[in-house]
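Here come two complexes built around chain A, the first alongside chain B, the second alongside chain C.
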Partner chain A sequence: MPVKGIAKTALSRNGVSSYVLPCHRVVLQYCNWGGSSQGIRDLLKSGQLDTIARQRESVVFEIARRSGHPKLSFKFAHDKSKEVNIANLDKSEIVRKLQDNIQSSGSELFKWNHKVMSSNESVRGIWSPLHVSNENRFKI
Partner chain B sequence: MLQAMKEIRAIGSVCQRITPASFYHVSRPDASLKTTYDSIKDYGSYKNNIFTHRLPESTAEQSPLLVALHSRLSLPKSYSLSTLSQALNLIKFEGLANNFGLNTLGKTLLSYYVSENLLIRYPRLPMPVHNLAIDAYMGVNTLYDIGKSWGIEVDTTTKLEKHLSQEPEFMRYGKLRFLDESAKKSESKEPGVFELTQEELSSVKNDNTYLSREAEAYASAVRSIIGGLYTHEGEEATKSFIHSHILSRKLPLDQMFQFSKPTRELVRLAEKLQFSEPVEIRLIAETGRLSSHAMYVAGAFCGTDKLGEGIGSSLQEAKTRAVVNALMSYYLYSPVSQDGSPVKLPSDNDYKFEGIVGGGDVAI
Partner chain C sequence: MLKLFMPGLRQRKIPRVGLSRCISTQESFKSEAVTKSTHDLSLLKFDSNGSNNLYAIFKLYNIPYLVTKGDKVVLPYKLKNAEAGDKLILNNVTTIGSPNFTYSDNKGIKQELYDLTAKVIEITKEPYYEVYRTKPRCRRVKTFGVQPYQTILMISELKLK
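Let's turn to the complex of A and B:
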């Protein structure tokens, strides 16, 4: 057997020649009675949510009435989800939270201590001291 | 002798009675489709009597999941939501048309465009790696991943649960439907623990991996969506969809080779390609044998031509890396056209063959 293969799956590169929004569902949960839901009740009454939903046609908007503090739950691709507490926030702040999180990838935030993050190899390669021409080498 | 012949004949007749030979090799129509025909040889008269109907477009329009999925994939206007809903339906016996045909269509289109791309772009790929590369682009696991990233949801609630939560009926038309009522109830409640069905158990391989029914269902839905695009928009749109969603993924081809005897393979390859001079491994540079961490650079040469180069911390390692590098640079060759762009594919307009045809694998 000359050469065998190793099974791999092709890596996803969302945004290379096609882009699919990772966020696919938003649940807006509010309470009809509690004071902390005042902002979201204002938002629902104002009809501003209709405009947002029309702009974001690729996201399913769901409104749920439940007791307790209001929250926004976002569902992302690959079963990732995020919950945002919007208790005591006013209308404009809730809209900002909504727009911010719809654009998010749903991944956990993390610190990256390197200059480049890429799934591709460096085009130039790594500098090697062993390939420097003879006269320029370090002499002991 | 005569006695033995009689026995054989007797055994033969028994066998014939139990399992007629025709049972083995003749494909029979699926009995659940209730196929009827005037005469078995008159294929035009074959007709399935199972009752199915397509979801009315007005019902499909009311499903927010379908509208959102349509928009998320930026499908053209002509792609009807009822087709999208059909692509997500794998259940045969509910009266609604399922995705069997769309799936077959999508699979055929996918395998054409993926293999065309690989054969033209990587003409020298060895057969085992080529097959795995096709799997890497359009295998069940990859399509499952794509289906998940498109945000397709599975219909996991039973009819009773739907009734109790007052969920509108058309919500389920936008979900992936492959579980029957009994399977939905037996959902395991423990996170990370899965109860395998009988068919999943039979697909468990030696390395303890198996294809879950969910993965197969997602893959089938993705293929069917592609098949649906072909039925509504035709070949050009399907091709560009496959190129932008499937072939735009990064294929780690350099990690997909496993050489057992690389040096011998390189020598055989050189023989096959009729190189004028023998293949030699030469030392190019080293840090010195007595340095604390010795490094060596070896090169695989054919006369004055360097075929490959490798760095290693022992002579043997450097040599093997050099040989593997030479083999990979041969196998992963990708032709470019005269203006430097990738060569045209057979399905492109005014295609003229530019690349090369691979010479086949070498034997060791």
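Let's turn to the complex of A and C:
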């Protein structure tokens, strides 16, 4: 009888050996005329975006001039994307939105009410009162 | 697999030798457990199946987290001075265990005995929710929108050296 391996589906665990930042592209959209784009125009003029882009070499920064309110659109791995409205925000607020969203995975926000999320089987198994040795068993 | 035996020192009336350091073992290794108060973790290493069956409890801001390799740790705050992609060396480990053996030290296990690292994989936020606050003798209810930060770590390495 040939020996068979135990079938197990592979899990993609970004970060176990190597880590790839999920965000790979940012599009900064602004308008040259509208007042709501004043903050992003200040940001582009100040050159602060260059230093941010230099820190994150794996992310493509694209600047698009279009009419309408300004917005940031983020492209993530697994075809996820996110759009953030930055109308009437000042320079520092836009930078904060940019830094926050680049570091997220693009998946839906959720609240996990436990400390650890695990896909591994429990090392110790499930506790059972019947498997405690006789002398340590709870006696009535 | 289910045979667990982790008696406390007090329970077995053993004098506290070598501070809180001890190896608690299964029943068959009971006599060894009494005498061992060294850093010899060969039993633990042998039982851990190449760190597949290994868990550790580390403390972060004094809160314990029980982890195995590949687990995600969800911190309900933005970790200071950390960015996505950073590697953290977790050096406050109180317990390392396998199915049958446990090595624990409340003051922290020596760092040359193990390797426990995590990567910051995500800094994100919780979903938006609202909290309501009232003041005494005032009918007005104030509503505050809340969206706290979350930091997610991935345990990238857990092994005995």
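Note that the second predicted complex is superposed on the first by the 123 of 140 C-alpha atoms of A that agree within 3 Å, B and C clash if a C-alpha of one lies under 4 Å from a C-alpha of the other, contacts with A are read in each partner's own complex, and residues count from 1 in each chain.
In this text, a residue touches a chain if its C-beta (ideal position, glycine included) is under 8 Å from a C-beta of that chain, and two chains touch if they have at least 3 such contacts.
Everything numeric in this text was worked out from a predicted model, so none of it was measured.
Shared-chain residue A:H69: touches no atom of chain B or chain C.
After overlaying the two complexes on the shared chain, residue contacts for A:R41 are found with neither chain B nor chain C.
After overlaying the two complexes on the shared chain, residue contacts for A:H114 are found with chain C alone; chain B is out of touch.
When the two complexes are overlaid on their common chain A, residue A:H24 makes contact with chain B while staying clear of chain C. In the overlay built on the shared chain, the residue A:K97 is in contact with neither chain B nor chain C. Look at A:H131: by the touch rule set out above, it reaches both chain B and chain C. Within the superposed three-chain model, A:V16 lies in touch with chain B and with chain C [touch as defined at top].
With both structures placed on the common chain, the touch criterion links A:E57 to chain B but leaves chain C unconnected. By the touch criterion stated above, A:H78 is placed in contact with chain B alone, chain C being left untouched.
Residues common to the contacts of chain A with chain B and with chain C across the two structures: 11, 13-14, 16-17, 21-22, 119-120, 128, 131. Residues 11, 13-17, 19, 21-22, 100, 102-105, 109-112, 114-120, 123-128, 131-133, 136 of chain A touch chain C in their complex. Within the complex formed with chain B, the residues of chain A that make contact are 1-14, 16-18, 20-22, 24-25, 57-61, 75-79, 119-120, 128, 130-131. Taken together, the chain C residues at the contact with chain A in this complex read 1-5, 7, 11, 27, 53-55, 63, 65-74, 83-85, 97-99, 119, 121-128, 154-156. Residues of chain B touching chain A in their complex: 64-65, 67-69, 71-73, 126, 128-129, 131-133, 135-137, 139, 141-142, 145-146, 148-151, 153, 243-246, 248-252, 255-261, 265, 268, 284-287, 295, 297, 311, 327, 331, 361-364.
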